[in-house]
Amino acid sequence: MRKVVIPIGPQHPALKEPESFSVTLSGERIMAFSARLGYNHRGIEKACEERTYVQDVYLIERICGICSHAHSTCFVQAVEEIAGLAVPERAQYIRTIIAELERIHSHLLWLGIAGHEVGFDTLLMYTWRDREVVMDVLAALTGNRVNYGINTIGGVRRNISPDQAKDILKAVDTLEERTKYYMKVATEERTLIERLAGVGTLSHEDAVNLGAVGPTARASGIDRDTRRDDPYAAYGKLSFKVITDNHNDVYGRTLVRCGELMESYNIIRQAIREMPDGPLAVKAPRRIPAGEAFSRYEAPRGEDVHYVKANGTEKPERVKVRAPTLANLQTVEKMLEDGQLADLPIVIAAIDPCFSCTDRSIVVREARKRSRNILKWEDLRSYSVEWYRNNRGLDFSKLNRKMAGRLL
Amino acid sequence: MIRPGAMIRQVLASIFKKPATISYPFVKTEMPDNFRGKIKFNPQLCIGCKICMRDCPSNAITITKVGEGLFNCEINLAKCIYCAQCVDSCPKKALEATKEFELAVLDVKKLKVVYGYEAEPAKDTEGNPE
Amino acid sequence: MTALFNMLIFPGFLFLAVFGLFGEYIDRKLYARLQNRVGPPWFQPLADLIKLAAKEDIVPEEANPSMFKAMPIFALTATVTASFYIPLWKTGALFSFNGDLIVTLYLLTIPTLTYFLGGWYSTSLYSKIGAIRSLTQLFAYEVPLLMVILAPALLANTWSLSEMALFYSIHPWYWLFNIIGFIISIIALLGKLEKVPFDIPEAETEIVAGTFTEYSGRLLALFRFSIDIEAIVGSALIAAVYLPFGLGLGGAAGFAIFVLKIVFIISILALSRTLFARLRIDQMVEFCWKYVSPFAFLQILINLILKGVLAR
C-alpha cells in the first residue's frame, strides 16, 4: 500500500499538551515515527536568572501543574545544599507527605488518561472522581489544589495539625479501597487487557540503552528509584518497596503505577506516625554564597534533575532543569516499531508525557559542519527577523530595534 | 477471572447514587480555611518596609506612601499568582489571604484593587488646605 | 393523502425525528448516570442540532463539493425510508410486500456507505483513514447481522417483516428459540451504529473525528441526525424481529409497549458503551469472524431444524 504521512499534533485530541509527531503509515501499520519538541518552551531557565531565589521557588513550581512539588523541592534542595542549610526534620517529613500525595494524584490522573485514550471513558470518570479526594486534602493542607507552594528555602511554610493528619489518614483509607478496585479492573477487564497487553514493548536492553526513567523503565525490569538509591527528604528513614515488573509493555506500566499507589499509601501512614515535632524552617540568607549543586528527585514520571549555580548575589547564575519526559521520549520510537496507528495514543500516554516539563533550552547542531551553534539573545532575534522576512513577507526589524533598546 | 464487562456491578450501582458532580454555580462550595485566595491588606499595621514588593514573584503589589506613617497598597489581581509569599514575608502581618476566588470581572480596570486610606488632600506651603 | 401524512408526519419523518432526539437523550443521560455524573437536560439533543445548523458549512478546497454535500442527505433519507417497512406497534407496517426484509437491511446499509463516501471525498488524511476503517468494519458485522435477521424469518416461513410479526404474535413463545440471535443482533447493531466497543471509524483520540472530521454546520447536523434516527430504526427492527410482544393490542397500550421496547434496547446500547474499551480494527474483525459469525450460523441451524420439527 502507498505510504501516507499523517501529523499527530501539535493540536490533537490524543495529546494533552502540544507536541508534533509525524507518523508514516502504510495502511494501519506504522513505518516511521519522528518527534519535534519545543512547543511549550517558555524561557523559564532564563527567567530564573532575573529573579531572586525566593521568587524563583514559585516560578520553578509553575513549570508543570502535575509535577509542581517535584520541581519546587528539587530546586530548593539544590539551593539549600549550596548554602549549607540544615533543614529541620519536621519539614523533611512534611515535604515527603506532600510529595507522596502528589504522586497519588498524578497516578490517578494517569489511570484516567489511559482509559480515555483507549476509549474507556468510564475509567476516566471514576478515577478522576476519586482524585478529587486527594485534591481536597491538598487544598486543606496547602491552600491550593495544584501549585502547592509549601516549600521555602530552608523548610516549609505550613504545618500539619493533628486534625489534618487524621483527615489525611481517612482519605488514604478510602483511596486504598478504590485503588484495589482499579487494580482488579485492570487485571480482569477483557477489552482493556486486549488494548494494553503486548502494545508498546520495550525490552530491558533497549530501556537501558535509551535511558528510560521512572515507571517506564521499572516496567522493563530496571530496578532504579531515586528515593531508594539517593535518598532525599525523609525517605532515608522510611521503608518502602520499589515496584518493578517484567511485562515490558503498557500493561506492565499500568501495574507498576498501581503498585506505586499502594506503596504511597504505606509511606504516608509511616510518615504521619513518625513525624517528629520541631521548627518548620531555618532562616535562609538572601544572598546565597557561590557554589553549584546538582539535585535529584523521583517525580511521578521519573527522575527529575536540577542544577543550580550560585555566585554570591541574590539571583542565581544558572538553573538547568532536566525533566523525566525528555529521557522517556526517546523510547517512544522504539516502542512503536511494528505498531499500529490505533496503538499510538496509548503508547505515548504510557510514558506519561508532560511536555510542559520537557521543553527547556535547545542546542542547535549543524550536522555537516559538526559544530554546535548556541544562539545568543541578539542572534536569536535577528535570525527570527530574517526568517519572517524571507518566509512570510513580514518585516519586524523596526520593532526589533525598539525592543532591543528596552530589554538589554 | 478475565471477562468483558468487569465493572458492571459498580456501574449499575452508580445509577442509585447521588451524582458526584456539584451543580456549580447553582450550588456553591466553601473553600478550606487555609485557602490562598484574594490578598487583603490592613493599612493600620503596615510600616512601609516594602519587603512584600521585593519578594513578589510577579510584581503584583505596590505600596505607596500617602502620609506620615500611612501607606496604601495596590494589588493587581491579574498579575497576582496567589502564592501568599507577601503574607509570609510581612514582618507586621499586615497582609492576609482570604477565601475569595471568584474574581472574574468584565472591566479590566477593576482588577487593580487599592486598599488603604484616601490620599490626604493637597496642602499649600503654610499648612492650610487649598 | 393519508399516505403523505403517514410518510411525513406520523409515523414517518416528524415522529422519527422527535423519537430520535428522545433516544439520544436517553442514551446520554443513562451513560452519564452510569458514570456517576449528572448528564444533559432533556432538550440537549435539540439544542445541539440547532447550534450546528446555525454554523457555517466549510467545504474543504480539495473535496468534491457535490458528493461532499449530498452524502448526509442520502444517509438521512435511507434511514427514514427503512422505517416504513418495519412493523412498529401493530403487526402491519406502513407498506409491506414479500421480500421487504431484504430491502430494509439494504436500506440500513446505505448510511455506512455514505460515511465511507463522505470521508473519502473529503480528501483529508484523517477522513480517509476513518472511511477505510468504516468499510472494514462493515465486512465484519454485516454478515452476522444478515444471518440473525433472516433466522426468525426462516421459522416464520416468509420474507415479509409484517407477516413475520403476525406469525410471532400468534405463537408468542417461539421468541425463546431466538435468544442467541437477539444477543448477536445487539452486538451487530453496536457495530453498525459505531458505538464503543466498535467505535473505531470515529475514534476520537486516534484520528480526530474520522469520517466526520471535515464536516461542519448543517451537513454535520444532518449526519448526527441520521445517526440518531438510525439508532431508533435499528432498535425497532430488532424489537420487531425478536421482541414480538403486545403487537396485537392496538392504540395507546401498543404504542406504550413499543416505546418501552425501544428504551430497553437503547439502554443496553448505553450500558455497553460504559462497560467496554474500544477495540482495534484487527481485533474487531477477528472477534466478529471467530466468535460472532459461528453463533449466528448456529442460530440459523437451530431455526432450520425447528422448522422441520414444528411443521409436522
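Each chain gets a letter, A, B and C, in the order it is written, and its residues are counted from 1.
Simple rule for what comes next: a residue touches a chain if its C-beta (ideal position, glycine included) is under 8 Å from a C-beta of that chain, and two chains touch if they have at least 3 such contacts.
Computed from a predicted model, the values in this text were never measured in an experiment.
The chain pair B-C and the chain pair A-B differ in C-beta contact count, and the higher one is A-B. Geometrically, the chain at the heart of the complex, using CA-atom means, is A. In whole angstrom, the spacing between the mean C-alpha positions of chain A and chain C is 45. One simple way to say how far apart two chains are is to compare their mean CA positions; for chain B and chain C this gives 54 Å.
Centre-to-centre separation of chain A and chain B, using mean CA positions: 28 Å.
Multi-chain contact residues of chain B (touching two or more other chains) are listed as 4-5, 7, 11, 20. In chain C, the residues that touch at least two other chains are 34-37, 274-276.
In chain A, the residues touching two or more other chains are 122, 126, 129, 189, 191.
Interface residues of chain B, counted against chain C in their complex, comprise 4-5, 7-8, 11-12, 14-15, 17, 19-21, 23. Of all residues in chain C, only 30, 32-39, 271, 274-276 touch chain B in the complex they form. If you check the complex, the residues on chain A that touch chain C are 4, 6, 12-14, 25, 28, 115-122, 125-126, 129, 189, 191-192, 194-195, 340-345. The touching residues of chain B, counted against chain A in their complex, run 1-7, 10-11, 20, 31-36, 54-57, 81-85, 88-89, 97. Chain contact summary for the complex, chain A toward chain B: residues 51-52, 54-56, 58-59, 62, 122-123, 126, 129, 132, 136, 139-144, 147, 149, 152, 157-158, 181, 184-185, 187-191, 193.
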